[in-house]
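As written, the chain order gives the labels A, B, C, D and E, with residue 1 at the start of each chain.
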Amino acid sequence: MEKRVTFDNRLLPYLLLTPQLVVTIVFFFWPAAQALYQSLLLPDPFGLGARFVWFSNFEYLFNDRYYLQSFVTTAVFTFFVTLVSMSVALLFAVMADQVIKGAGAYKTLLIWPYAVAPAVAGVMWLFMFQPSIGVIAFYMKAIGIDWNPVLDGGQAMTLVILAAAWKQISYNFLFFLAGLQAIPKSLIEAAAIDGAGKWHRFRTIIFPLLSPTTFFLLVVNIVYAFFETFGIIHTMTSGGPGQSTTILVYKVYSDGFVGQDLGSSAAQSVILMVVVGILTVIQFRFIERRVHY
Amino acid sequence: MATISIRDVRKSYGKTEVIHGVSLDVADGEFIVIVGPSGCGKSTLLRMVAGLERITAGTMEIGGRVVNDLEPRERDIAMVFQNYALYPHMSVFDNMAYGLKIAGKTKDEIRQRVDQAAAMLQLEPYLDRKPRALSGGQRQRVAMGRALVRNPAVFLFDEPLSNLDAKLRVQMRLEIKQMQRSVGTTALYVTHDQVEAMTLADRLVVMNAGIAEQIDTPMAVYERPATRFVAGFIGSPAMNILKGSVSGADFVLEGGGKLALDTKPEETGRPLLFGVRPEHLQIATAKEATLNLSVTAVETLGADTLAHGTLSGANGAGGELIARLPGSAKVAPGDTLPLTVQENMTHLFDAETGKRV
Amino acid sequence: QTQVQFWHAFTGRLGELLEKQVSDFNASQDDYEVVATLKGNYSEALNAGIAAFRAGEQPHILQVFEVGTATMMAAKGAIKPVYEVMAEAEAAFDPSAYLAPVAGYYTNTDGEMLSLPYNSSTPVLYINKNALEEAGLDPETKPATWPEVEEILVKLKEAGSECPLTTAWQSWVHLENLSAYHNVPFATEANGFAGTNTELAFNGDLQVKHIDKMGEWAKEGLFSYSGRRNEGGARFRSGECAMFTESSAGYAGVKAEADFPFTVTNLPYWPDAEGAPYNTIIGGASLWVMSGHEAEEYAGVAAFLNYLSSAEVQAQWHQDTGYLPITTAAYELTKEQGFYNENPGTDVAILQMTGKAPTENSKGIRLGNFDQIRAIIDEELEAVWQGQKDAKAALDEAVSRGNELLRRFEQSTR
Amino acid sequence: MVEKQGFGTILMHAVLIIGIAIVCFPIYLTFVGSTLTHFEIIRPPMPLVPGPHFIDNYSEALTSGITAPVGRMLFNSFVMAMGIAIGKIAISILSAYAIVYFRFPFRMLAFWAIFMTLMLPVEVRIVPTYEVVASLGMLNSYTGLILPLIASATATFLFRQFFMTVPDELVEAARVDGAGPLRFFKDILLPLSVTNIAALFVILFIYGWNQFLWPLLITTKPEMNTIVMGLKQMMPTADDYGNWPVTMAAATLAVLPPVAVVIFMQRLFVKGLVETEK
Amino acid sequence: MATISIRDVRKSYGKTEVIHGVSLDVADGEFIVIVGPSGCGKSTLLRMVAGLERITAGTMEIGGRVVNDLEPRERDIAMVFQNYALYPHMSVFDNMAYGLKIAGKTKDEIRQRVDQAAAMLQLEPYLDRKPRALSGGQRQRVAMGRALVRNPAVFLFDEPLSNLDAKLRVQMRLEIKQMQRSVGTTALYVTHDQVEAMTLADRLVVMNAGIAEQIDTPMAVYERPATRFVAGFIGSPAMNILKGSVSGADFVLEGGGKLALDTKPEETGRPLLFGVRPEHLQIATAKEATLNLSVTAVETLGADTLAHGTLSGANGAGGELIARLPGSAKVAPGDTLPLTVQENMTHLFDAETGKRV
């Protein structure tokens, strides 16, 4: 989509773009190019020397079944974080949209988790679910649930998914609520007259009309689950037990930041960049198409 | 198949009452048009029939059944909205089929009914399109089709044509009327366009500020408006209204002029309003003339000419008038136009209550 | 005043104690000012140091945990060995004043000390006396061997304990120290001291036997896994777990939080192993001096390091934290002060460390990419505790996965 | 609408209240923790109602910091969050304006150059970015804290989407009224973007406030520490034990400013989101 | 103060030409209305005058100065947009004052000019409001005021009334005309509403598909449409068009019927179109009748009645016709209506080119 009306000016657009372009080039392209270059090197951590190894970092990664496994882990993690946080948020939003009294208070309270730093969120959740000190873990064990996320990969995954999803509920809730309020009342009335009851109206009218919001949130949540959750994973499970909660970004972090294996870490960054690039293109495609809605 | 009976229905939003007790009986198959200025409560009344607004007081019956507490879907109605309210994510076919699907009709029946409606509305080529790929007129027809396929007891229309351009409006107007005739369904139709009101209605409900001022056939409303408001609202350009009082067989204008009256009401001396429609003023010879119009502006419409002016000269003063003259009458601002009033085409209203005398 | 940058990884109470040492040093003289900066946890601090070095912004002193030792040693151009710093500053520096097994870890094959041991610890066994009593055992029992431990565990279990035994730092305690304690190699090439062409060797009989036994205990509910780091500490301190293998540095926490009497005793060993027990090895961190600074600044570094090694400072640190006293003098001083008598068990660690002369297998471990190797070991051990893998398979897998990382490290430093 | 009511509404309120109770529980728990003693927290089960030590714990949290006073750290966080929010909004609105309202050579190149950055967070390119910042001499500075985190196109993207919905007629009217591009921007576009700016401000402020890894890496002077760094420093690592009530009090304090920003700007925030969405 | 001269102006978007060479000379103070169906290029033409679109070919002069390459602000024009394009964040006052502020006028002068325009447009009570707090008609007036205060050489209007309801439209129409008269500024006005076109224009430009089909006074266009397109477009209901050919003094319909012609064109035998406006058909006695209409539908508008039907009977067959009858003529579907055509009110067009014959 393009604007029909534009200004004619030769210099001005470049001037307007300069600050962002400078920042982008200096702090994005330059480092990204270095990462790209490093992915072809096997450097020692201190940068005292490096061997050019072509694609062997990538080869190494793709021969590592644990790395491939972490794609699956990431997919599972991302899928559930997105599913849980979006569906819970949608449920709340639908209800808050309908109740007239108290909607403001509900909204204000639901916003809180959004303000919590991921690093702190991880600790909060440990305080609830860590088998040794967690309050909720204590009561779970008291009622006979075999709660042991330090050894049970499934439970560990559940835990990090819940914690990560929790932080994102507020954000999704606000967007869904806004989206719901933007649906023309007359469409819902039309459906009521067409004979649709509440649930039917939601399923066949409201939910489809919410799809631009839903898609936008889908992308945002996927990106969130991909990149911004490593603080949570780091504090809560460190990727374990086994590798059951090692998602791609955590691996980039732990190989590069903890393990000082800069070549592998750079190669992983490059792979992530590609994945993200694909996501970006998909998002643009979709948004461009739906703007005319 | 359905009569509607509205008995002293009222509606308040919070403390403000916006419908002050409207009663109306609609016969089966009748086409009722509700007309009135913006904000007078037309939509509110219609939406109460639809079940989209709660009724504050009074009773509402559809087909003999009290529906006050029934949900829209239990009322057996279909509604066409002003902005169409088409489901943007569904194809034309699905838009029309939606109500049928919900009603649990079979695939075959749905297809057959939609096809039939589409044929009637000439929508066949567009069945697979999304609403956004349709022109205004086509969308309008889809909205109509959606109501049509349901085969309801009552059709409700809320200004369905007001978003269309003039040309399309004329065409759709005819189509709606024909469609309603052919299916014979009771219809309530809200508009503020009086041409629509006149051409479509079996009976007209003229509303003003939450009250039904007159309920009658269009011609009766045109010919014998019950109130000054109705007189001014129906007819374009609006009826000329002059202030004055009756004196013998004449109407004496405030400015001093005199007009002959067809009938002689008793109420001599009481302040009254004298009304005559622009189309009932005719050019006359200077001798015959009962009125002289000092023309201030002229609008030529091709088929007619509108002469705006003030009463002047010997036999009249003190009023603004519009005369509608056939064809392209040769008048220009500054002329004085000798006019007569067509017989039996004058109206008198009480100056205070606005009621017809 | 010359500034000396000191980047560390100590948060919480340890961070406060460290700050205290620094400010005491600053107050003790006028020439130098040490600025201590927290750089996150061990890994984050190391990474910050490396990143800073690449950018030419490195601090003078960097605290690096034992796992990063090989990385630092391999970075010849990035570090300035402590012995050199001391020599150039003409500071009074006597390597032999340091406890041999502690200093040995950070000393090259020529006997030159590369980094200054700062917070060094070694694993010991903590026992909740109340728990023993409740199980009908003598609360003063100090099991010396794993079979003895097993007997106690069974009793504890019978008495209803949910967690008879847990551990912190499983790889460190149950593989690295296990190997050293029984004089079997953890890796070839003298555990990496002799070269980067080392290969992992912890899938030997002894290690397999030990892990297999622990796996069995885990299945029977005698051993309860708590997590990769020291999550078990909370469970022991709250009384949930009866026995706990953990760093000597855990002492301060246990002392502060446990509301029950406890014993600290030697790490158990397998009596059937020849010559066992040998000495255990150290964990914790040492201070590395980074290259690229002015001589005057190095003089300040030397002064600060000397201050840290002084008997008074070391003794205090040892007593406050449970870390080992790194010099003989500090140990003697503590003994003199009667600390060990008042706090029984606090000398267990040092005695255990110094009991026998270190062998090739008990000097320490020096592997590249060690942090990741530990992560692999953690993963594999977790599979054993879960009963998904048997000990042999898990250790074999860990060895082969770890070897790949060693090869990458070898190539990158070549 | 005429609908059978009663039970449904009560049910909805019930679900909302229970839901919110669950969602807010971790924060509540943190608050409860901040009013207890250390021993109440570490010996499970921890009590679920606030205790009497509110004042002790909070005054300790406010006065004792390991490396820098809490006040100083809050200030640094504030500068960083504001810098990121304002800086990013400023450069993005300008570049979005250029891209939407002008046609010029290399426009698409600039467009893609900027939008490439859309989703790649700092974490995965952190080491090279550090080197760049260091080589520009920006360590230990607010500039260094702020600029690299500005290099992302999310805000530009949002502004672009919004500008596309501004009716063309407004530009035309302004041109006919005699406004040049800068006047149009200042007089028309900027005022119209207020709600979007508010929404972005909230999002970016919180993003900036919650940063941990980046400030940790590039600041070495204690007086440059941020509150999240401070908070992490209070949490015990290795074999240490912590002072949980005080840590939790600090955590509660650290959450307050962003919450205040959200609540304060809530109206504009939500409105801004809706308008961009459409 | 400004004449406009448009010489063979063309406009292409990419490869598609949408304006195919339009020429027009506008006298100083003249009110020109450009009318035509949707998409015919009205707005494009206007926007080229405004300087919002580049001119692909031809020249454009305003006040004798070639403006092809001038920015809008250098052209001394003001424009009123279809959707008003009011600045939503500015008060009414600021909206009107914006152009003056940019022009660097003093505060006093701005206030004085805005107040004057506001008085003229009865906007004084609303000067502090934001546009969203105004009704449609008021917004419209603000848009007008914004143009007015600038005191430009040329006013440009792009369908300024199309978003208003019928009633308001009538009122605003008159106001626009009066305003333009009183300030005497040259005006170009785009609409697709023909009533507006007829009543406002000094001269009308009827456009179709990028071509100006006729440029003349409204009455001339009504009375002597230059093409079949113009004939159908101007007048409501549209002119009746019947196919056939001339044979002697008669027009022989395709269906076989015959109609008398006023003039006798030579082109015997050539396929032609015969046009007559609905208002030019009159009820006659059966004897006089030249046409018989089988009535199929009747619309009573009060002042007039529209009879829809097909030609039938002895002297005609095969065409659909509408007749507009004065008052409430008593006709019903099914009736046969005897009609005559008013003298001199017939039109002939070439069937192929559509040109008037």
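Points to keep in mind about this one:
As a convention for this text, a contact is a pair of C-beta atoms (placed from the backbone, for glycine too) under 8 Å apart; a residue touches a chain by one contact, two chains touch by 3 or more.
Chain labels with UniProt names: A = sn-glycerol-3-phosphate transport system permease protein UgpA; B, E = Sn-glycerol-3-phosphate import ATP-binding protein UgpC; D = sn-glycerol-3-phosphate transport system permease protein UgpE.
Remember, it's a predicted structure, so these values are computed and weren't measured experimentally.
Note on connectivity: the fewest steps through touching chains from chain A to chain C is 1.
Ranked by C-beta contact pairs, the top pair of chains is A-D.
Centroids built from CA atoms put chain E at 93 Å from chain C.
As a whole-number value, the distance joining the C-alpha centres of chain A and chain B reads 56 Å.
Mean C-alpha positions place chain B and chain E at a centre distance of 26 Å. Counting only residues that touch two or more partner chains, chain D has 1, 3, 42, 44, 127, 131, 133, 172, 175, 180, 232, 235.
Multi-chain contact residues of chain C (touching two or more other chains): 44, 47, 54, 229, 234, 238. Touching two or more other chains at once are residues 51-52, 71-72 of chain B. Chain B makes touch with chain E in their complex at residues 37-38, 162, 165-166, 170, 174, 178, 192-193, 195, 198-199, 218-219, 222-223, 234-237, 277, 279, 297, 299-304, 324, 326-328. Residues 1, 3-7, 9-10, 12-14, 16-17, 19-21, 23-32, 34-35, 38, 88, 91-92, 95-96, 98-99, 102, 106-121, 123-125, 127-128, 132-135, 137-139, 166, 169-170, 174-175, 177-179, 181-182, 189, 192, 198, 212-213, 216, 223, 227-228, 230-231, 249, 252-253, 256-257, 262, 265, 268-269, 272-273, 276-277, 279-280, 284, 287, 291 of chain A are the ones touching chain D in the complex. Here chain D touches chain E in the complex through residues 167, 169-170, 172-180, 183, 187-188, 191-192, 194, going by the rule given at the top.
The touching residues of chain A, counted against chain B in their complex, run 184, 186-187, 189-197, 200, 204-205, 208-209, 211, 292-293. Chain A makes touch with chain C in their complex at residues 42-48, 50-51, 53, 60, 66, 130-133, 150-152, 238-243, 254-255, 257-261, 263-264.
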